[in-house]
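Next come two complexes built around chain A: one with chain B, the other with chain C.
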Partner chain A sequence: MPETMTLRGKAGIYAGAALLRLLLFVAFPSLPDLLTSRVEISTPVTSFKRLQEGLFLYNHNVSPYDGGVFHQAPLLLPLFSLLPDVRALPIFTALLYILVDILSAEALMRIAASGEAVQSRLFTSPRRIRQASSLVVVACYLFNPLSIASCLGRTTSVFTNCATLWAVAKAIDGSPFNAMVALSFASYLSMYPLLLLPPTILLAYDHQLLKGRTQAAPTFAVKNVAIVLVVLGMLLGMSWALDSQSWEFLGRTYGIQLTLNDLNPNVGLWWYFFIEMFDSFRSFFLAVFWLHLSSYVGGLSIRIRTQPLVVIVLLLGIFSIFKPYPSIADTSLFLGTLPLYRHVFPLMRYSFVAAAVLAYATFLGPAFFHLWIYAGSGNANFFYAITLVWSLGQSLLVSDLTFATLRDEWEVERPEMVGKEVKQI
Partner chain B sequence: MSATARGYCATSDPWVVSNFALATRIDKGKPSFTNHTMSAAPSEKLPDGGAKKAIKLPPTEKSGDVRRRSFIVLSFWAVVVMLGLPFWWYTTSIYRANLPLDRMLEWADGKACQPVLPITVAFEAEGLAAPDAQELVRLTQGMLDQQSDLAAHQIRLQPGNTDDAALTLQFTPGKQMGATLDSREASLKINYPSGTTVSNPSDAAALATYLAQELRAAFAEERAIISHLLNQPLQNQSPETIEALSKRTTRSMRYASTYHLTFSLFTDGPSPSTWDIEEAVDRYMRPMLDILRPIHNFTVDTQLQLYATPGVQSQVLSKEDLSSFINAAEWPLSPSIGGAPTVNFVLFVGNQTIGNAGSDATSQSWMIPQWGTVYLLPLSDSTAHVDSEILRQPMLTFGGHLLTLLGTPQSGSLPLRLSTLTRIRSLDLLLHASSTLGSLARLSISLPSISIPRTVADGVAASLDHLEKACANLGGPEGLYHARIAESEAEKSFFEKSMVGQLYFPDEHKIAVYLPLLGPVGVPLVLGLIKELKGWKQRRKDAKETKDKKKQ
Partner chain C sequence: MSRLLATALSLRRDPRVQKLPPYLSFLCVLVGLVWLLLLPLDDYARKTYISENALLPGQVHTYFSGSESHVLRAYRSELDVLASEEDPTRVNDKIEEILKGLGVKVGRQSYTYNAAGRAHSGENVYGILQAPRGDATEAIVLVAAIRSLNGQVNRNGVALALTLARYFKRWSLWSKDIIMVFPPDSETGTQAWVDAYHDAHDPRYVAPLPLKSGALQGALALDYPEVDRFSALQIIYDGVNGQLPNLDLVNSVGNIASGQMGITGFIQGMRHHKGTYKHRLTTIFRGMVKQSLGNSWGPHSSFMPYHVDAVTLQPYGKGFHDEMAMGRVIEGSFRSLNNLLEHLHQSFFFYLLMQRDRFVSIGTYLPSVMLLAANFSIMAIYLWVQSGQVDADAQKKAGKQPKASATEIAAVTVERSLVLPVAIVAVCHALSAVPLYVLNNTTAQLLPTAFAALAAMSTAAPFVLSYAVLPVYKPTQQQILLMKSLSLLLLGMALSTLATLNFSLAFVIGVLTAPLSFVGLSRNEPLRWASATLLTLLAPATVIYSVVAGVGLDMGHLLEQASFGWTVWGMYTPIVVWTIWWPAWTISMVSVLC
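Here is the complex of A and B:
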């Protein structure tokens, strides 16, 4: 019976979420366009408006990158040119985005249902009874206002998010090949998910062993890296053929993320810093920022080797703070995976502060942006200050989750310390 | 350490989670009690003696954990050392192309080139026998060399007719000595008493002296200008002459290969509304522009504006009014179109007159230094169309003023003036390019941290190359051509964008650039590394001690 209950509950949540999105799309036809133009949702590398520009050029047989505003992966273009014109029949685009959101939710559902969060190959949490039900996890993701906003804003990050979640789900499922293909798609779309490769391989490896397929770790890793390389190579080759057989798209998509040539404001920390930076130090600090972003991968993967999934979740949080063009779609992915660790929430110390800070930034961010751009009564510092608060809130969450998982682990080692106060030095 | 002897490797603080290093760190080697701050029990606050019993010693850290921590620290340092340092080196090293500093400074100091402007004077002596003519050339040349007071300016006589001669001497026997400069061609007509024979030494000497004197007179203005450019004042130059020379400099526009001529018709009423400017330009200006072509290119545009209010409304314009006559705020006289400097020619139709006309202008026009000319044209109200005949006088005035604005000397026939202009401009450009190169050399010496891109080095090399060619061919059109390129290359190198940005960037600023971000990031990294190294040393020591013990 509980099985069918879950099934019915699942269907209910999916239907509810889809209907809510559809209602918003249909009842407020101007809402998607309003959200599309918000800097919090659309970044230069994910904006739907820019995608439309690229699509127009593509459909008129002009290189989509000639316009100078389109910075997204070329393979999105044939996909979107299959859909009817968005101005005439927006509903089809809406349906595609709703479908992608539901697909992401399905992946999340599988991740939650597997119980990987509470019991991995090397670690079993003493609090596993308090695990959140997978329905709650999925509902938290689907009904999160940030997820709904990024769906309505039609940012292309939702495709990346979907591919990332499926990579994790497939790794847990014990099919590393599918996981690597999904991760390659995510990396192809946004580049940064490539950094998730080490923890994903670890996760997939653990589940290989759980399934009883023994294999030497290095061989397994090399094999998976090779899969990713081959799939990425194929995707890039297809893009090369699509973009009139030139490699120009590399510089215009990944190059923009690496060099931050488009300094549109967003909720991240990079744009203001690089507006102010001396030109001669620009490339150095670009390298520093990228190395900073990627340096967490090694440390986290080694430290929390026992729970690769938590490494992925933490990295998703770190990316949504420190990546070059973050948007609330990235935050929604992190916040969506966070309830998987419902069982360690009691160990978190700043959950109230973090929640308050995030709520504060969510409401004041658009207001400050309005003051700066439209009212003219504020300046760029207003908006930058609020993005700092936003990032502070997220980093509080990330570090608190790290603390909570480590403490959870530690209590297995030192059962006598359960429930006692500890101090961090 | 006694701790090891007691069997405890690590004693305190098992519970330090660093947010960033993500490692539980254990402070080793210290006695446990003093900084064991984090156990839970409140009973800890007992006096020392009692506390000893209350505090349980935490278990030894597992060796696996220690190793894991080392790996974590190592993973961060691997990123720093293997990626961070090469990036730092690659992105912040300053590229300084090698500049031929010595050569550049030599040019700037005038050591690399002694500018010599040879002026070829053809000696057309049809009435004289060839040996006689040669003798006369020899004598006159000797005279000229003897009198010469400016090394850069050399008149060279050449028998026969040559094409590239700046001036031709034409001899005609007459009643008495006399010389007239032709007003149309570059020739000096010499009359000599018909009885004169060159074979007679006294006659020859007298003729040679006279010739030398006339030639020097013909090129007096050029000589003065060149001496002024070279900053080598001639003897017995009056202050007035020097003032006139500097006036010429302030009046004339800076050299450019292309000038933009704007002809504007402004009227204070509704008419005239059309003018035959195209025909007028073609008829009266074009011939002169064609002659100037080897030195400058010209582009032309025209405009017409009705109901234009001048800056000064009074009926009679006094000398002070002239400078404010142009209504700069309302008249669309753009400063520059397409990068080329603009020369403005304004034709104002109105009934205003100039009160006390200046001596060097007609009573209807005046010249504004480095800007252009204004011409007042009185027309009856009914004139709706200005035909090219009415435009004749204004156009001729404009033409004359254009020559002045370009820096042409005042005296002599037009071909002579233009050949002089070529020489003056070549020298001017040569000197200007040299001094720009000198400035660039001094700049790169005084700012060792400024980057010098490859393009600058290329520009300097090209500039030096063309300077040498210009110096060798000074005086002719080829010299002007090379000087022109040398100057533009030198300017381009000096004002290279990527260099200017870094002009004022002292080394102290680098601390302010690096520290705010790298300081906070670096502290945990460095401290973590130090701790790891200490722990590693300790472990080695311990291992050795146990080994020694076993041996005992």
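Here is the complex of A and C:
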């Protein structure tokens, strides 16, 4: 009985989310284009407008990177050139994006239903009865205004998000090969998901053991890394063939992310910093920023070894703050996975403050951007200040979730401290 | 340090501290209001000054005089003959003929706006004087509407603009193109022209411009229907949606008028400003009312959304200054604008003027409205914390003896059920689309009736919600608190955002909604009904009705203006009223009634 209820609820949520998106696409035809041109949604490496530019060049047998505005993975081009022209028949593109969102939701549903968030191989949360229902998790993701906005804005991060979620879902499912393939796709599209490799391998390894397939950890890791390398190699090889057998695309896609050549404003922390910087320090700080971003992977994977899924969630949060080109699509992925940890929400201390800060930033961000760009009465500092607030809100959430999970673990070791006030030093 | 932290943490649990927020919030409102009243004092207001060095207002000798006055009279008499005629194209033909005769390129543009079931159509005619020293990348604009602000024919304005065109044409020193625009009226014409100039027009209603020049650097509008000599010059500077031109422009024009020509400049209709506290406060208030209404206050207003600084100049009263003096003011101002090396950006874009040469800048006045907005956020946090606490009475009723001390009760938080409160808040905000749609899609004749119906429905809505709809879902006390908390949080957020765009509107809405924070805090029966009455008096519809009655406006006219403003100027005041103020009010009312 509950099984059918869940099924019906699931179908209802998917249908509702798809209809809502379709309605917005159809009833407000100018809305997608408006959202596409917002810097909060479209970054140089995910913008749909730039994809159109690349597509135009590609369809006219010119290297898509010659225009200097297209910085996305080449394999997206054949996919989009299969669709009818977006200006004549936008509905097909809309349907593709809606489908991808529903697929992401399906992956999230499986992650939530597995109960990995409350009970991993090495740790069982004492609060597991308070686990969030998978329907709630999926509804929170699909009806999150940020997810809807990034779907309508047709950013290509949606594909990365989908691939990332499937990688996690497959790892939990006990099929590491599929997980690694999905992760390779995500990394191929946006590069940064490669940093999720260690926790994903740990997650997959735990579930291998749970399935009763014993295997030595190092062999398992090596095998999976090899799978990722092979798949990535194949994808890059196909791109090489596609981009008139030149490796130019590497510099134009991943190179842009590594060297931050396109300084368009976005919601992240990099652009302003690198605009202000003297050129002689540029390479040093690029290294520092990237090192900082990747340094979380090792630390978190080791410290929270018992719960690889929470490491992935935290990393997604960290990426959406410290990535070179973050957008609200990244935040929506983090916020989508956050309800998996509903059982530790009571342990979080700043949830209201963080939510209020994020909400304030969503209101003030567009207003300040308007003052800067359109009204001309503000300047870049207005918008930058708000992106700082936005990042502050997200880092509050990330650090608070870390605190809550650590406290949850700690209370298993120290049952006498349950409900007592503690200080984080 | 750790001792200090521990003290702070234990203080957080102190019941006395937890009672504090309503008082703190009330203090915020009080300080916010008093803050505004302090602004006119000498300690807070500053004298205006010119920031942009390139402007050099009043530093050039102006030569517009002598025989030009004969030309002006000639143009005026030619226009007088035509202005009495019914067909407006005759005037435009004449203007085109004159401009072409001067060797100026002329363009014409027709447009039709449909607002509140009425069509507003007209035709703009404009000429571009190409700069002898420029490359058509920058331009300055002189607007002379055929119908001035009060509906009279802009006799001197149009004639003076034509004379100036003839006069400017002979000078070789212009480094920016000069565009002379002659819209048929002061409300729609410039809007259509500026929209089309920036290719932001709706091609179904507004024709594109056949002729264009470079980026607009500034604009002056002339509103000069009286032919008699005048005594003073009013500078009108409020733009659509409360946007203001760069203070440097207002100052330059004022400096040139008073410093060079000896014409007294004044603002906001305060002709006899004595510089007293009362006069300053009145000026600020008048400015804030205009800003908060957000409609266009002259032909210059439409330029502001495109980041083109503009003012309207309006000669006033009987005195000894003639139209040649007015011409020299414009000549001087154009010479200053001509000097600009980059767009006006040095001086303030956010200011409150309290007399022609005194202002307060944003840093000084913004805290007042931010305090008002903060009051809502504080109350939202307070209600959130309250909603998480176990009700001590409820515990007693349940037979559980509160065995621990008061501090430990406070530490226990219960789980919050958020679905219903979020749903109510979302539904209330979604409902605000109804009045917006109705009021912007009704013909002018039906508007007062439609508004009356909406007012009745909006008064009934909270009662229906709290007595018919909500009991179905059996909301707990906690959910009511959460609903109010979320609504206040949204209100605070919306107001602080609005304050950065339109300070005055945010302030007015903030003051009118301030009581929402404090009603419904007590479950005392008479107090509840008193607050319900107070809220009914402060309902958006009631406030609008009483303001209309108090000022002596016509309701139909006001509503038509609102609908017209939204369609033509993109004025967002009605949106703020219905999507921010009205839902907040409704939810407060529901929380009082439940």
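The criterion applied here is as follows: the second predicted complex is superposed on the first by the 425 of 425 C-alpha atoms of A that agree within 3 Å, B and C clash if a C-alpha of one lies under 4 Å from a C-alpha of the other, contacts with A are read in each partner's own complex, and residues count from 1 in each chain.
We adopt the following convention: a residue touches a chain if its C-beta (ideal position, glycine included) is under 8 Å from a C-beta of that chain, and two chains touch if they have at least 3 such contacts.
All of these numbers come straight from a predicted model, not from anything done at the bench.
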Point to revise | Touched partner set for A:302, first chain B, second chain C, both or neither | key: first
Exercise for review: Name the contact category of A:356: first (chain B only), second (chain C only), both, or neither.
Suggested key: second
Review point. Given the touch rule stated above, what does A:371 touch, chain B (first), chain C (second), both, or neither?
Key: second
**Study point:** chain B versus chain C, judged by how many residues of chain A each one touches
**Key:** B
Point to revise | First (chain B), second (chain C), both or neither touched by A:276 | key: neither
Check your understanding: Where does A:292 make contact in the superposed view: on chain B (first), on chain C (second), on both, or on neither?
Key -> first
Point to revise | Touching partner for A:421 - first (chain B), second (chain C), both, neither | key: both
Point to revise | Footprint overlap on chain A, where chain B in one structure and chain C in the other make contact | key: 421, 423
**Study point:** Contacting residues of chain B [partner chain A, same complex]
**Key:** 13-19, 21-24, 37-40, 58-59, 68, 71-72, 75-76, 78-80, 83-84, 87-88, 91-92, 451, 501-502, 505, 513, 517-518, 521
Review point. What residues of chain C sit close enough to touch chain A in their complex?
Key: 2, 5-6, 9, 243-244, 305, 307, 343, 345, 349-350, 377, 380-381, 384, 411, 413, 415, 489-490, 493-494, 496-497, 500-501
Practice item. Enumerate the contact residues on chain A facing chain B in the complex. Key: 278-281, 283-285, 287-288, 291-292, 294-295, 298-300, 302-305, 399, 402-403, 406-407, 410, 414, 417, 420-425
Point to revise | Partner chain C, residues of chain A touching it in the complex | key: 346, 352, 356, 359-360, 363-364, 367-368, 370-371, 374-378, 382, 421, 423
